[in-house]
Structures are given as C-alpha cells and as structure tokens.
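Both complexes shown next keep chain A, but they swap its partner, so chain B is in the first and chain C is in the second.
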Partner chain A sequence: MIEKGKISAFQMGVMMYPGILATAILTVPSITATYAKQDLWIAPIWACPIGLLIVLVFLQLHKHFPGKNIIQYSENILGRLIGKTLGIYYLFFFLHNSGFVIREYAEFIITSVLPKTPIVLVIVGMTLVSAFAVKGGVEVIARSALVFLPLFMFPLLLMGLMVLPEMEPRNMLPVMGNGIKPSLKGAFFPIEWYGDFIYMSFLLPFLKDEKGGKWGMISVMAITLTMVITNLTTIFVFGGSTTELLYPVMNVFRYISLADFFEHVESIVIAVWITGMFVKFSLIYYALVLGVAQWLNVSDYKSFVLPIGFLQVIFSIWVAPNFQQMGQFFTTAGSFYFPSIQIILPLFLLFVALIKKKYKDKSPKSSIVQ
Partner chain B sequence: MNHFLSQSMTKLFLVLLLFSASFLLTGCWDRREVNDTALVLGAAIDKEKGENIKLTIQVLIPRAVSGGQQGAGGGGEGPTVLVRSAIGENMADATSKLQTEFPRKIFWGHCKVYIIGTKLAKAGGLHKQIDFWLRHPEPRERADLFVSVGKAANILELQPPLELYVGQALRKLSEMHIGMSVTVKDFEQMLKGDTGTALLPLIKTLPPLTGNKQETIANIIGTAIFKKDKMVGQIDTKVTRGLLWLRNEVEVTAVTVNPKKGETISLDPIREKTKLIPTIKNGKWKILAKITSEGTIVQNGSHLDIMSTDITKRIEKELEKDIKQRLNLPLIQVKNGMNVDAFGFADAFHRKYPKEWEKVKDHWDKVLPQVDVKIAIKTRIRRPGLTTTPAGVPENEVEKK
Partner chain C sequence: MIWTVFAITVGVVLLILFEWPKMKQNQKKEKAAFVTLTAMGWLLAILLVFFPDMPGPTQMIEKLFKPLGKLIE
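So, the complex of A and B:
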C-alpha cells in the first residue's frame, strides 16, 4: 500500500465536515434561495437522504473491497480496460472539481477582502500549503482537520447568537407557501455538494476501526444541521434579499454589531474559514494525487504532489473565465454533472459488483473478497 | 558526513522557507496603512441637474481627534471633520471625483450614516444608489439611512455640541427608536418586500441656540414614506409613533391621559407588543391588530388614588382609548390618505394566506383600501411607581373611587 498512515473513523468524520461545508456555506445559500425563497432552510433537509445514500454506497463498496478505493475497485468491478478508463475519468473529474473548489475560495477572498491582489497568488498560496499537508500523508491532513474543526465550527454556531437582536423569525413564513416544489428545486444545490462524500472512498481504507459508517452518517447529519442553522440565520436576518447576496453567510457576519464595539468581525471569520478551506482542498488534493499514483501503479505518490498542484492551479483558472460563468455552471450543467459522477456512477458500480458477486458465488473461484 | 551535510542543508532550506513565507504575509497589493486612508464618517447625496447626484462626504481629521484627547480643554480647537463634495453620475463616479481632492485613499468602511436629500428621494430611483453600498466591499450594510428636509449636504456641515460629528449624533438618535431606525439592509429588504413600501426617518436641522449657526444637530421629525423607491409622502412624529406601534417597533413613549380636564396621568410603557392577525372571510380581508402594553405610572397629576384597583381599571380604559387614537392617525393618514401599506399588512396576509396573496399581489393597491383594520388594545398598569397617593394632595381630597 502506498499510504502507511492510519486514521480513526472519528477523524474521517471530522475531515468530511469542512470537506463539504467549507464551500457549501459560500455561494450555496444564495443559489438555493433563488429557487427556494424563504424555504431555503428546508432544502438541505431534502438533500440529506442523498448524502446518506452516498455514504451508504461507499460503505458497501468498501465492504466488498476492503483496503481499496474507487480508482482501484472500479478495475475489479468493470475489468481492466473499462476500469482504467473510468479511473482516469474520475481523476480528471477530481482535477476539475479541485479547480472549482480553489477558484470558489479564491473568488471569495478576492471579492471580500483582497480586491487588488492577483487571484493566482491566492490560489498558489493555498495550493502550496496544501501540498505540504498532502506530502505529509493522510494522518497529517486528519490531524490538522482535528485542530481546525473547533475553530471552523465555533463562528458558525455562534453566528446565530451574535445576530440574535437582528433576527426576524417571521421572515421564514409562509413555510412552503408555494408548495413543496421550490424547496425541492433548491435542494439540487446542496446535493451537488454532498457529492463530495466521494472522497470518503479514499479515507475508508485507512481506518483503524470499523466505525466508518457511524461517523460518516454523523458527519452528514452534522453538515445538514449546520446548513439548516446557517440558512435559517440568513433568512431571519436578510429575508427576501438573501437571493441578492453572493455570500449571505458572510453578510450575516458583517452585520454583527454588539454594543457598538464588537463589530467588523468578518475578517476573523474569513481567517477561520480559510482553515476549513485548507482541509477541504487538501482532502481533494490528496485523493487526486493518491489516485494518480494508484492508477499508474507507482509505489510512491509524493513525486506527484507538486506537478499535480501545478495542474490544479491551471485548472482553477480554466474552469471559468469569470464568476458569473462559474455560478451559471453550478446552476445549470453542474446540477447534473456532479450528481451523475459522484452519485449515479458509484451506485452503478455497486450494482455491477453485487450482480457479479451473485454469479461468482456459484463458482468456487471468487475474486471478490468478502 | 554526507548524511550530516544533507541534514543541515534541509534545515537551512527550511529556515529560508520560513523567512520567505513572511513576504507572503504582507498582502502587498491590498496593503492599506491607517495614515494613508481618509475615513468617511458620513455621506450625503443630493439631486443635481439631469440624472447627476452630488455626493458630500465627511472625513475625519485624525490630528484634531488625537489633539483633543490630550486634554487641551475648551472648544477652541479646529474642526474634527472635513466636508467635501463632488458631482457625478452615481456614487462610484462621484467618489472617484472626490478622490482627486484627497491626498489619502477614501475608505468607506466606517461610514455609518447616509443622508439622502428630499429632492433626490422624491425623484425616485434610489435603488441605483443603494446598490453601491451593498455591492462594494467597503461600505457596511449596517449603516443608517436618513432623508433630510432640504439639502442633505447642509446637515453634514453641522457641528454637534455633544458629539464629535453629526453622523454620531444621528446614529445615537436613531438607536433610541424614537422614529424609524433603518439600515441599508433594512431599506433594501423593504424595497424588495411584497409591496415595495419603504420607510426612512426624516431629519431636519434643529434651530441653533447660540449665535454660531452651525452649532446644532439634526433631529428626527418624522418619517418619509417610499413607494417603489420613490418618496411619496411624509408624516410627523406623532403619526410615526402610531405607525411604529402598529409595526411593533415602538420603544420609548410616555402615554398621558386626562381623567378630568386639567388633570394628567402618565404611563411609562415597559413592554409593548403588537400582533397583526389577518383573516379572509367570504372574500373580505380583515386585519386585527392585537396590542398589549404594560407599564408603570410615572406621574400622577390628578386627585385619583391610583392604588385603588377600580381606578386602575378606569385609567387602563382611558389609556386604551388614547392609544387607539394614536393608532388611528397613521391608518387615516397613510393607509387612507396615501394608500400605502406601511404597516406590513401585505406581509401578514402573505404569511398566512400565500395562495390568496398570489392572486392579489399585482393589484394590492386596489385591495388595500378595502382591508378592514380593527384594533384591540389591552393595557395593564403593573405598578404605581414609588409613591401611592398623589404627591402634595391632602388626604381628604384624594378620590378613592
């Protein structure tokens, strides 16, 4: 095995939490609100079962192929040629996805705090830092996630408390005034982000214990809960104008003013946010680098870290010429692109694996390890 | 030996790397020194010829503030703020023109007050200006908005006797909730709301007491009423109180009733709550405004013994009558007079009857006059204050019933 590190299931859950949320609380509330309006907070609840489904699918796949990740077992399931093709398809997807993730992060930093700084600098800065973590292996990422998690969660949970005087709970009424449809439509976007649970496939083989399922589920629940809380807060504070804001959660932080001196806190929040982004990006980065090494059957992945980091920087520039087009991608093609690769394809893999197992069980030579 | 060399080389490399990281931490492009920024404390926009606006900004003079703190004493120092204006097509354009007059970079992050001239407010199209405050990363969405009687720029020139600059004085006035208190975010939300009705506090320069004409502040004299970001009318403070009461935003008011001619009893309400309950029955749209108010008696200028439960009940009834009258004022002036829904009736209907609302939302103006408003008030006098019988009245003259 290329990676010798071991993590606990709890650490995996901790990694997945900012792994989804770091970007899911940037533009997602705004995009969701354009469809769901005041039912914005319901959308993550609809999306939650899909998140649980993804976790279940990967757990099942893990059960059939312990010690292997999606790049590896797609070969076992679909055969060498198709498996390898699917593998490279996934690797390109991870590259594309990491481009989106880091671009989203950089756009957020540029628009909110560093308007004059070249975007490449922000991207390269994050990529370099993550490169160190990725070189360090899965344990390093897991431990940094553990350190950053309280930092990352703290402002999100406290946010509601600090804007309490500004809240107008009436804003959420009427609940499902236009029926169930708007909130269901809005749920498409959280689903796009829940798809990132695909990276769990790369962590499951390194688990010390068998509690992967439990902590995966807990992670999905915690993410849903956090999304519901942040969405409710934005609805309570901004009401109908949530759709107009690009980063509603940041605007809520900007609106905090306690006793006339505790204000302008968003710079601290952004600093904390970066730690979450670091975990998310490192996770994708790691999955990509490890995947490439495994796909090529190379014994060490470390030599790939910097070249792939370079590719990610380029991809982050390539994914979209401007913010508008990136937003459009998420609302149009993205709502099919992400789920089809992150949800439907793994489901298909599981389906084929189960059928194959059924046939193989009859013959004594079983290649699938149970 | 070789191993040792490579180890020390790695260490050297690491140290160099750490040092090089410090270059990344300076934020070269967006570096901004405090002594290179001109802090805007307040801004005023007025209408100019054509579509242009005149932007006036009030900038802090740091030297004056730090000098004052060292305790020179007296009021003979120079002004703490500098006021400059420029004409431009919009906020951003005027700002860039203003920038040519300042050796320091204009910084909006601390501008907490925006004043809009009546002329601009009445011309409409305010959304063009508020967009800048929400889109630009520097201005805060928490800044307070005001509409001034006359030119807004004049208000920034005032030197308030109690505060450092006008913006601070206005902000503190607004925080007391004697009139509407509206931030940029609130205004935007109101414009985006179901009816597009927005309310802003209306301010006017107080007549100065001393010879110095500038040494005064502007105070809130009422509310400017906007329909689709165009000012359509204004109401005075008394009507505003009633309006605030209906909007459940009222905070400090003393309610005074006259049990007999020439006699007064005042109540200081501690808790007020207003609930708008909409009902649609047989196609008739009704609003029930349920108001509860409780408080303490602060002055008893009558002969009544307010310790008596009967009298308390009687005063409660009187108070209810008085409050009802106050609440009727805005209903008559704003709802019937201007046909503007400044009370949130539309939102109340939307929340409870989303389907019915969907049908009328395009012609709410026609529905509003037919909406029947009923007011139900419950006043509770909780305690009499520190004294029992009216002060300075002989025992035998006190009316016990």
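So, the complex of A and C:
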C-alpha cells in the first residue's frame, strides 16, 4: 500500500466539513439566491438527502472493496480497460475540480484583501503550502484539519449573534411564496458541492475504526445546518439584494459592528477562511496525487506531488477567464456535470458491483475459480 | 512575454532539481511518469502564455452539457 498513515473516523468527518464548506459558503449563496430568492435557506435542506445518499453509496462500495478507493475498485467492477478509462476520467475531473477550487479561493482573496497582487502568486502560494501537507501524507492533512476546525467554525457560529441588531426576519417572508419550485431549483447548487464527498472514498480505506458511516452522516448534517444558518442570516440581513452580492456571507461579516469598537471582523474571518481552504485544497490535491500513483501502479506518490501541483496551477488559470464565467458555468452546465460524475457514476458502479456479486453467489463455478 | 516563459522554465528546472535526486535508481516507472507530467505542465504553461484564450476543459464540458443546463434556466 502506498499510504501507511491511519486516521480515525472522527478526523475524516472533520476533514470533510471544511472540505465542502470552504468554497460552498463563498460561492453558493449568491447563485442559489438567483433561483430561490427568499427561500435560499430551504435549498440546502432539499440537497441534504443527496449528500446522505453519496455517503451511503461510498460506504457500500467501501464494504464490498475494503481498502480500495474509487480509482482501484472501478477496475475491479468494470474490468481492466473500462476501469482504467473511468479512472483517468476521474483523475481529469479531480484536476479540473481542484482548478475550480483554487481559482475560487484566489479570486476571493484578490477581490477582498489583495487587489493589486497578481492572481498567480496567490495560487502558487496556496499550492506550495498544500504540496508540503500532501507530501506529509493523510495524517498530516487530518491533523491540520483538526487544529483548524475550531478556528474555522468559530466565526460561522458567532455570525448570527453578532449581526443580531441588523437583522430583519420579515425578509424571509413569504416562505415558499412561489411554491416549492424555486427552492428546488436552488438546491442544484448545494448538490454540486455535496458531491465533493467523493473524496471520502480516498479516506475510507485509511480508517482505524468502523465508524466511517456515522461520522460521514454527522458531517453531512453539520454542513447542512451550517448552510441553513448562514443562508438564513444572509437573507435576514440583505433580503432581496442577496443576488447582487458576490460573497454574501462575507458581506454579512462586514456588517458586524459592536459598540462602535468591534469592527472590521471580516479581515479576521478571511484569515481564518484560508485555513479551511487549505484543508479543502489539500484533500483534493491528495486524492488526485494518490489516484495518479494508483492508476499507474507505482509504489510511491511523493515524486508526483510537485508536477501535479504545477498542473493544478495551470488548470486554475485555464478553467475560466474570470469569476463571472465560472459562476455561469456552475449555474448551467456545471449543475449537471458535477452530479453526473460525483453521484450518478458511483451509483452506477455500486449497481454493477451488486449485480456482479449476486451473479457470483448463484453460480457455484465462479466461486470455485476464486 | 519572453520573461514569463523564462520564469516558468526556471520554475520547472527548480522543480526537477528538487525532486530528481530523491527518486531511487530502480524507480523507472516513477521517473517516466514524473518526466511526462512535468513536460505536460511546461508545454501547457507555455501554450497558455502565447494563447491565453485557448479553449479549455471547461468549454469542452460546457459544449457537452449545454442542452441539459438549459433545463433549469
């Protein structure tokens, strides 16, 4: 086995939390709001069952192929040739996705704190830091996630409390004024982000205990709850103008002002946000590097870390000419592209695996061959 | 533009100098994959410097999924 580190199920749950939310909180509220309007906060609730479904699918696949991840068992399920093809499709997807993630991060940093810095510098900085974490292995990423989680959660928990004077709860009315459809349409975008639970497939084989399911579910619930709370706060503070804001949640932090003394909290929040981004990006980076090494059947992944990081930097610049086009992609083609790879393909894999197993159990010949 | 190419090349050379000595003699496959990945990266970077508007992976996916994307608009 390439990776010798072991993590606990709790650490896995902790990694997945910023692994979804770090970019979800930034980009999702404003694009969800364009469809869901004041029902912005209901959209994550619709998306939650899909998140649970993804966790369940990967748990089942993990049960059938213990110690293997999606790159490896796609070969077992579909045969060598198709499995390898699917593997490279997945690797390409991870590369593409990591390009999106780091671009979102870089655009956020550029627009909010470093407007005069070339974007490449921000991207390369983050990639280098993550490269060292990935070289350290899964344990290093898990432990850094554990250290950063309280920091990352703290502003999210306090956010509602601090802007209490600015809130206007009537903004959320009428609840489902135009029926159920707007919030269902809005749910497409949280689903895109829940799909990132696919990276759990790379963590499950390294678990020390068997509580992966429990902590995966708790992670989905915690993410949903956080999204609902942040979306509610955004709606309470901004109402209908949420759609016009690029980063609504960050703008809420800008509104915090206690006793004319406690202000500019957003600068702290942005600093803390970088830690969450680091965990998310390291996770995807790690999955990609490990996947490439396993796809090639080599014994060590460490030498691939930097070349792949270099490719990620290039992809982050190549994915979209600007942030607006990226948002455009997420709302149109992306809302089918991400779920098709992260949800439908794994479901299909599980389906084929189950049929194969049933067939094997029935015919005694194949069991003798085994 | 020539300086960007120069900077990219220097970066790639540094990357190779950093990683190459760490690989062992018998890791033939690793070395081949490492060289391929780095060369791919270098080539793509240079291409993007000269043709920044080169259609990328996102445009490809967009073409494939556009009919579906219109459904929710």
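Note that in this section the second predicted complex is superposed on the first by the 362 of 370 C-alpha atoms of A that agree within 3 Å, B and C clash if a C-alpha of one lies under 4 Å from a C-alpha of the other, contacts with A are read in each partner's own complex, and residues count from 1 in each chain.
Following the convention adopted for this analysis, a residue touches a chain if its C-beta (ideal position, glycine included) is under 8 Å from a C-beta of that chain, and two chains touch if they have at least 3 such contacts.
Bear in mind that the values here come from a model prediction, so they are computed numbers and not experimental data.
A.B. asks: Just to be sure I read the superposition right, which of the two partners does A:310 touch: chain B = first, chain C = second, or both, or neither?
C.D. replies: After superposition on chain A, A:310 lies in contact with chain C alone.
A.B. asks: With the two complexes superposed on chain A, say which partner A:240 touches: chain B (first), chain C (second), both, or neither.
C.D. replies: Once the two structures are laid over each other on A, A:240 reaches chain B alone.
A.B. asks: Regarding the shared-chain residue A:208, is it in contact with chain B (first), chain C (second), both, or neither?
C.D. replies: So A:208 meets neither chain B nor chain C here.
A.B. asks: Under the stated touch criterion, name the partner, chain B or chain C, that contacts more residues in chain A.
C.D. replies: Of chain B and chain C, C contacts more residues of chain A.
A.B. asks: After superposition on the shared chain, which partner residues are touched by A:329: those of chain B (first), chain C (second), both, or neither?
C.D. replies: second
A.B. asks: Return first, second, both or neither, reflecting whether A:181 touches chain B, chain C, both chains, or no partner chain.
C.D. replies: neither
A.B. asks: Touch test for A:254: chain B only (first), chain C only (second), both, or neither?
C.D. replies: first
A.B. asks: Quick check: in the complex, which residue numbers of chain A touch chain C?
C.D. replies: 35, 92, 96, 99, 185, 188, 292, 296-300, 302-304, 306-308, 310-311, 314-315, 317-321, 326, 329, 331-337, 340
A.B. asks: Going by the contact rule set out above, which residues of chain B touch chain A in the complex?
C.D. replies: Residues in contact with chain A: 24, 27-30, 109, 134, 137, 140-142, 185, 188-189, 192-193, 347, 350-352, 354-355, 358.
A.B. asks: If you look only at chain C, which of its residues touch chain A in the complex?
C.D. replies: It comes out as residues 11-12, 15, 18-19, 22-23, 27, 29-30, 33-34, 37-38, 40-41, 44-45, 48, 53-54, 56-58, 61-62, 64-66, 68-70, 72-73.
A.B. asks: Touching residues of chain A toward chain B in the complex: what are they?
C.D. replies: The contact residues of chain A facing chain B are 111-118, 121, 125, 170, 173-174, 177-178, 237-241, 244-245, 251, 254-255, 257, 263-264.
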